[in-house]
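Chain nomenclature is as follows: A, B, C, D, E and F, assigned in order of appearance, with residue numbering initiated at 1 for each chain independently.
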Amino acid sequence: MKLHIINPNTSRRMTEMIRSSAEQAAAFGTEIVCEGLRRGPEYADCAYDGVIVSHELVQMVQADMRMAAGYDAYVVASFADPALDALRELTDKPVVGIAESALHFASFLGYKFAVINTLPRLERTFEDEVRRAGASDRLAVVKLPPYRVSSFLESTEDAKAMLVKTAREAIEQDGAEVIILAGGMLAGYAGFLSAAIRAPVLDGVKCAVKMAEALAALGLTTSKIKTYAWPDAKKAYIK
Amino acid sequence: MKLHIINPNTSRRMTEMIRSSAEQAAAFGTEIVCEGLRRGPEYADCAYDGVIVSHELVQMVQADMRMAAGYDAYVVASFADPALDALRELTDKPVVGIAESALHFASFLGYKFAVINTLPRLERTFEDEVRRAGASDRLAVVKLPPYRVSSFLESTEDAKAMLVKTAREAIEQDGAEVIILAGGMLAGYAGFLSAAIRAPVLDGVKCAVKMAEALAALGLTTSKIKTYAWPDAKKAYIK
Amino acid sequence: MKLHIINPNTSRRMTEMIRSSAEQAAAFGTEIVCEGLRRGPEYADCAYDGVIVSHELVQMVQADMRMAAGYDAYVVASFADPALDALRELTDKPVVGIAESALHFASFLGYKFAVINTLPRLERTFEDEVRRAGASDRLAVVKLPPYRVSSFLESTEDAKAMLVKTAREAIEQDGAEVIILAGGMLAGYAGFLSAAIRAPVLDGVKCAVKMAEALAALGLTTSKIKTYAWPDAKKAYIK
Amino acid sequence: MKLHIINPNTSRRMTEMIRSSAEQAAAFGTEIVCEGLRRGPEYADCAYDGVIVSHELVQMVQADMRMAAGYDAYVVASFADPALDALRELTDKPVVGIAESALHFASFLGYKFAVINTLPRLERTFEDEVRRAGASDRLAVVKLPPYRVSSFLESTEDAKAMLVKTAREAIEQDGAEVIILAGGMLAGYAGFLSAAIRAPVLDGVKCAVKMAEALAALGLTTSKIKTYAWPDAKKAYIK
Amino acid sequence: MKLHIINPNTSRRMTEMIRSSAEQAAAFGTEIVCEGLRRGPEYADCAYDGVIVSHELVQMVQADMRMAAGYDAYVVASFADPALDALRELTDKPVVGIAESALHFASFLGYKFAVINTLPRLERTFEDEVRRAGASDRLAVVKLPPYRVSSFLESTEDAKAMLVKTAREAIEQDGAEVIILAGGMLAGYAGFLSAAIRAPVLDGVKCAVKMAEALAALGLTTSKIKTYAWPDAKKAYIK
Amino acid sequence: MKLHIINPNTSRRMTEMIRSSAEQAAAFGTEIVCEGLRRGPEYADCAYDGVIVSHELVQMVQADMRMAAGYDAYVVASFADPALDALRELTDKPVVGIAESALHFASFLGYKFAVINTLPRLERTFEDEVRRAGASDRLAVVKLPPYRVSSFLESTEDAKAMLVKTAREAIEQDGAEVIILAGGMLAGYAGFLSAAIRAPVLDGVKCAVKMAEALAALGLTTSKIKTYAWPDAKKAYIK
């Protein structure tokens, strides 16, 4: 089985962290191809960025299809879950977002969950995703640790301590039972944090890899009945 | 006051119908500049098209800003209301969609409304917009008249009869009290249809023009506090 | 165009503030007729008051109709939006409430809004209106500044400082991006407050005037299909 | 125990039917005082009527209080449940509506219920009441038998057959398990209909009488903490 | 009339408190038979306990039916409202839970209510019950006084003071207008607490007794149409 | 990895179908232990049955724990998803229901789904599960093919034709894009039906096996923070 994991950002450091997380999760026999965007924002964190990265994403998947790249499923590795609907039209192979995967996995492990977020502008995007995933009743809180992104990329002791403090507050003050780490740059922290707080901690990249494997293993494909039908080929694009 | 009405499709016929509708609605002293996209689908009707037209839309508004075009407000004239969030980040001038405008206007005129739609694939998009506008309880039905788009563009007698029949069914069978015509290509039919069925019929383009005029006249601008804050200028785009 | 703005309270000071706000918002060519109730509470703030002022409101509109007063639209200028359904039955001219207008306008300018309220007993009424307008997900908070109504009517420096403090808390602590000033007695403060906090501040009276103008300009009338059908004339009232 | 049952209509025939139903439901020792309005519509069925009858209702309860009439609880016997909030402010004795009572009773007897309605214009009012009672998920259908009100008042065989047919359709086609008869004029039919369809049939008047007895027997009074606090006595009404 | 009140716990002290509360609420002529479980947890407070006590409850009601015990209605006296659906299948006599009864009664007396809970693990169960009763919008808060269960069973002065403090916080900080005491062990405190805080306080056992009396007095039985149809007798149980 | 698949019914034929389905879905290296109940109904289809099978389920898992059976995860293979909360308290190994698994998988493959159900009494249970899984907006319809359970167990041509007809109706009339087969006895039909209707068809048993494998592979365990904390061991059960 061959999965295409796309980091819809241009940060190479983040792409490496996502690749590492995906490879740890992959089953024996799953091939992981992990790429970042070639153009676009280093870290997409607003709706304008979302338009830019969505445009790149559809072109990457179209290129795969022109080249018959043979992927069995796609993972879009941004917690904003951009362009999922458009990609599900372009291919019938399963397309899986990391936020929706983490939200569905969380529902099996506890009643209320918290999302730990590193990009303040994504808060409304998360609320929309949680609503779309039908999990609004179960969201305890979205927490934003008062810390710079770069600290997490460098994995300092301070960053770790801040993460433990934030997760404990989510549990003790907000009633969270499961912690979801939002975004690729926290991907490496799930194991450490889970041990520290003795509660399940979800890394969306890992959840998405397992979800993609599961859908592909069962031979399931995206429904082409209506919402995700192939785009109409006859329409002329003036480009 | 100067409004930029953008048809996020490339059909020139549709752009003319939208311009005509907007000019009829405009107050004395309102200048209407109405343009279609230069690239993209003739009629956008799926999520993939939405990605393409959103990308064009942000570039048009960015061009306006580089040229200090001096628009007082923007109207995006597609019933899919594409890219509104991104455009609200790029400018602080009011940005108004035609679907959201029609939905808000309808709430003053009756309890339940029907949407008459010409593009079957937009059904789910409409459901999302209705939910986003908080109008789910008031949506009686989305009706799709069994008719080709081209008939409406040519305004044949058959197309008119079909529209009356569809609206009457929405009223008699589904409990609608107000009719919303979705999409630019039905823009010219509101007056005719309202007279025929003796009920309010809303043309989203006209509603959006009045909404844009109202917001601009009151000197209101998009909040830059959080959701629609300016995109971070320091981020490097590798283009 | 001729608008009848009715203050459903008997305070003349408040009627003057509403008139002033309405006249500032009115387009060139819009005639504003602004009246308070002749009987009833000085400030309606409970459900019992609502019954009294609703009874007065229907009589005022019935008097207009007997006299063929020729109004193009009505504005009910209380944040409790009383008797709107009954008035929409009595006339087919648009009837617009100031709370619903402000709620719909807010949705174009930001994601979350706060309502600043001066009458503590209206809190539940506001919650009902927000739900009816479909805006529950977007309400950040209803704030009640710890201050006497009379201070606002006299526009003291203390009142202004309190208003700025309250709005800032709504933004910083509750996540509001747009501020709605509830009630006629705050009508004069929108411009001052918006400049102070650098965020959009909505005066419901102004929003309602623009909404009434927009509906009337498009020739739209209340649907008589069902919910707002004319009251049955044959029924005998024993009076 | 002494209950004041008020029919907020002027039809004497309907008041008699309500009195009969209330007396059948009353416990040993409960005194029923049942009155209709002296002024207002014979059958209130629209929002305008609602304003008129609400104004009468508050005056009746105010008269009771001036006369120290000594009622232990109030029942408002219209399926539109008018003026309940205002009456709960005027007295601390329990005030009970017949629609809300029937809705709460139904929830103990089955999962989905149908409302059989005789006044077509009340449909939206019922939807609001069902939402307010938190029973939206359980409403199977509101059915309107195609029959004149007068037939039910005369209790013809045709009216009975029509009622059975309507209830059976609600069960077989719409999934109803419990039938609620809306409005005083169907009050006498519950026993007959329940026997015919072998399912629980609720008469709102009887449910409200038992609810009022229960609240009064437990010595419970309306909370004066906030929503239903006494109207402010100091305010001057210019009458 | 004969009511079977079942305490789905094995604590005899709690059964006595429930019996006392039920007897105080019972109308003249109502016979109260109050029993605890013979097997199972002293205080059920988790889902596993719920499975155990549900199994005991169905056996007790089956025993009643074998012995033709002749109960007119059943009350399940745990705030977790266990096994109500199953019991409604086994008998057509009304089956009433104490939590659902309190929730429905509260809606007649104020807008927002608080639940005072003594068993921390039941919080999610309460949330489910509140949602099932359609009362989510009206729940102000679930408060857990920082106190041991045994204190309440012994009715110490400290326990009383703690209860008053908790109720006052619910009113002043959370906007509650009505207080619901959750669970049998607080059953004796409603009168004391209501006098202390001058607001309605509901004892679920008393509400359930009145509800059961009301349903039985009106001759109402559980609908056997669908959800609560009798279990299929032909099925073989291998026991 | 070792999964315990429990059929909470006593039908051996159904247990064999579930085992077959589970073994087809299992990854290389996953050991499937599939058992039915020893006591209880052949096919559980009502709330009373739910109480009985829940009691058996907790005993089976308790027996596993006494024997240190070493399962890595549990699957409860009834579409009613019984006792999941209780089992999640008894063990920290993932516990997965087949209905919730199918609902979560469906959300990746299409917007609206239909459930094909063979046991009419489970309709309300399904509605509860769909709500609990947050998927209410996406449920197109629950369809009940007019056919006897035994036909499906025997896999007759008539049963197959009926299934195709039912699925086509769900797609064409109700807007479904994905089909979920409810219950173990339809487990064998997913491949056949998917080929016939050219749309994804989900077998809950297979989805649950993949979900259990995914959770266990990532080393995730049920949160013991609050909702699913271990039952309190000190409590005495009088048995």
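Rule of thumb we're sticking to: a residue touches a chain if its C-beta (ideal position, glycine included) is under 8 Å from a C-beta of that chain, and two chains touch if they have at least 3 such contacts.
Everything numeric in this text was worked out from a predicted model, so none of it was measured.
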Fraction-based call for chain B against chain A, same above half, different below: same
Over-half contact-pair match to C-D, picked out of the listed pairs A-F, A-B or B-C: A-B
Inter-centroid spacing, chain C versus chain A (mean Cα positions, whole Å): 44
Rounded Å distance between chain D and chain E, as computed from the means of their C-alpha atoms: 27
Whole-Å separation of chain centres (CA-atom averages), chain E against chain F: 32
Centre-to-centre distance between chain D and chain A (centres being mean Cα positions), rounded to whole Å: 53
Per-residue overlap in chain F, given as positions that touch at least 2 other chains: 111, 124, 226-228
Complex interface listing, chain B residues touching chain A: 10, 38-43, 45-52, 54-55, 57-58, 83, 85-86, 88-90, 121, 123-124, 226-229, 231-232, 235-239
List of chain A residues in touch with chain F within their complex: 25, 27-29, 94-96, 100, 104-105, 107-112, 133-138, 171, 175-178, 198-200, 202, 206-207, 210-211, 213-215, 217-218, 220-228
